[in-house]
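Following this message is one structure expressed as structure tokens.
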């Protein structure tokens, strides 16, 4: 497997609180990597390191995250360009109060290099890739807020995919959805991994087992174990991992 | 890209800084026009002088009667407006159903939006004749009529700030009081109002500032006599009224012109102080909330 | 027994205080309308005044109020929005923000007649703009600025962080987030505050007494440098100047009706807009 991202000795502090402790791991191209762990273990904060969304909450970070041979935490990194390469979908569906079309086109338009027909093509492509095109193609001009919760979340995925990112970060994307919509998102992850790398944070252990190729178990800010999913769930090396995936704590 | 970001931030910064500039501009311009007066007349005589005869030969520029005029109508306005304003606020936030609230609040806002000159018209032409008849006095344009109109004018300001304060009292306190067997009125006056007191005091200071700075109503309703009042039915000439009615007759740079700016200095100092006091009470309220 | 009595007394007082305010409001509106309704006609709205203000219409005063208000909003709206953006989105350095906020609060508590004197000394005399629409509009712009800034700050602070996050995660820069996501969402709230300011500017008298208004003009304003008649000042002047109160007072009431309807309409639309926003956001 080819490496896309290499995390080297990553530490993160909020003031004096040590949130992430010396994390080292590699994320592999065109695979689904899941980060699991009990709530409060720092998994969302960890995810937000990959597109520098921790820039706004006063976090102090050291260590390296290498993407395409460059450290994304370096001062020279153009954060807006980085975020075109690293898409993100949040816990709660958060479409803008704009039309369906404008939502998907947002990332393309703010970087402003494409012609109108190119944008239209990319919007259609993105909506197709999340299986939303047939549901919305006749009402692209309608407000995105009129969609159901599951549709909104898929729209947010389309929005993140529209700029052709190398990796998409999913922050507990199904925690606000009903079982049906959840399944659709999960199926989508399996379908998409041929095209794009996916890093998903989830509190749902079964979900990690269903869709991921690699699983990282994070506990109190430490990376306890990281391996192929089938190994983690069958022969975990660490006792904590075993206890967590068997539901002894959570 | 970078320059665009910088430009946007810089324009915002400049726009925001204008507020400081405007405030300084107001203070400086008023002082600049008014200060030269005090080369001719000492400050003490200006503030405590009893005679305001700016057009006599020689003129007298003592504004004590104007200050007393302003203070008397302002106190009258607070006597009328504070109970009604705070009472309305308590009613709206503690007693009214949410439907009644939806209807009542816009009406109070409408009261706030009525131009002061129309209040003045009402006071001058409708209220004053009634007051004259009821109390059998020679003139209805006096402290009493002015206080009523000013009092009603400040109701919406007092009530909206008080309501903010009442609303921010936590629900738990309310329920705790009910759980101890207090009835609604006891809960309101012994628990909620004391908890909201800094905000309510701030609203009263806001009302004070509004009343003492109001021009059109006092200009039209207060009677305009620059003497120290002897009763609540005496006509007065509050500071704002003197400025508004006399400025048109003065020559720029004359002593009278400077004296009117001098009055504005006094007015500005009073409102600046009351404003700072109000902000102090508002911030105190917020700080107290943080502790809990 | 005593406890019950106090409870009833207390509730009666609270209920009375709102009832008195409402009764006054209705009585007030009723009296103004009943005294002025007879002079209202199409001609009253569209004609020039005649015979030393004792006959004819108030068209120039309506026009004057319109222009002064437009000028003030044109100046105050952009300044207000950018100020609000700075205070709520950039907000650094903190000491500067604190000074700006204190200045805004102080401005909003300054008596309107003081604004009038400021306008007289700075715009009319200092910048030599004369008594004109421009001087009056500038003076009123500063008067209404705090309202617009405060409503902008409030509206921007109500934008959920989710939206900002989503835009940032798509690679938007700070100003793109503000322009494309924050402002569109906040705009109805900002407009509500702005509409209320329009009503305020249209109804103010003291700030335009020495900066823009004139009792009588024979012609309509041709440029921003002309002095104008304005409705609020017209009411005041009709009641205090001139020699034929028996003709002037009804015209004053008629002008008051026109001004009141205008302002009730303006404030009513602001209230309605805010109601809509609240409904939409649940």
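In order of appearance the chains are A, B and C, and numbering begins at 1 in each one.
Note that in this section a residue touches a chain if its C-beta (ideal position, glycine included) is under 8 Å from a C-beta of that chain, and two chains touch if they have at least 3 such contacts.
Computed from a prediction, not measured in an experiment: that's the story for all the values here.
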Chain with minimal offset from the mean of all protein Cα atoms: C
In terms of mean CA position, the chain most removed from chain A is B
For chain A paired with chain C, centre-to-centre distance based on mean C-alpha positions, whole Å: 49
So how far apart, in whole Å, are chain A and chain B when each is placed at the average of its C-alpha atoms? 56
Would you mind pulling out the distance in Å between where the CA atoms of chain B average out and where those of chain C do? 17
Would you mind listing the residues of chain A that make contact with two or more other chains? 80
Multi-chain contacts in chain B: which residues touch at least two other chains? 1
At least two partner chains per residue is the criterion; list those residues in chain C. 173
Contact residues on chain C for chain B in the complex? 3, 6-7, 10-11, 13-18, 20-22, 24-25, 28, 31-32, 35, 78-83, 85-87, 89-90, 99-100, 102-107, 109-118, 120-122, 125-126, 142, 145-146, 149, 173-175, 178-179, 196, 199-200, 202-206, 209-210, 232-233, 235-236, 239-240, 249, 252-253, 256, 259-260, 263-264, 266-268, 271, 275
Going by the contact rule set out above, which residues of chain B touch chain C in the complex? 1, 4-5, 8-9, 11-20, 22-23, 25-26, 29-30, 32-33, 83-88, 90-92, 94-96, 102, 104, 106-111, 113-118, 120-122, 124-126, 152, 155, 183-186, 188-189, 206, 209, 212-216, 219-220, 240, 243-244, 247-248, 252, 260-261, 264, 267-268, 271-272, 274-276, 278-279
Under the touch definition given earlier, write down the residues of chain A that touch chain C in their complex. 51, 53, 56, 79-84, 87-88, 90, 92, 94-98, 106-107, 110-111, 156, 159-160, 163
In their shared complex, at which residues does chain C touch chain A? 160, 162-163, 165-173, 176, 180-181, 184-185
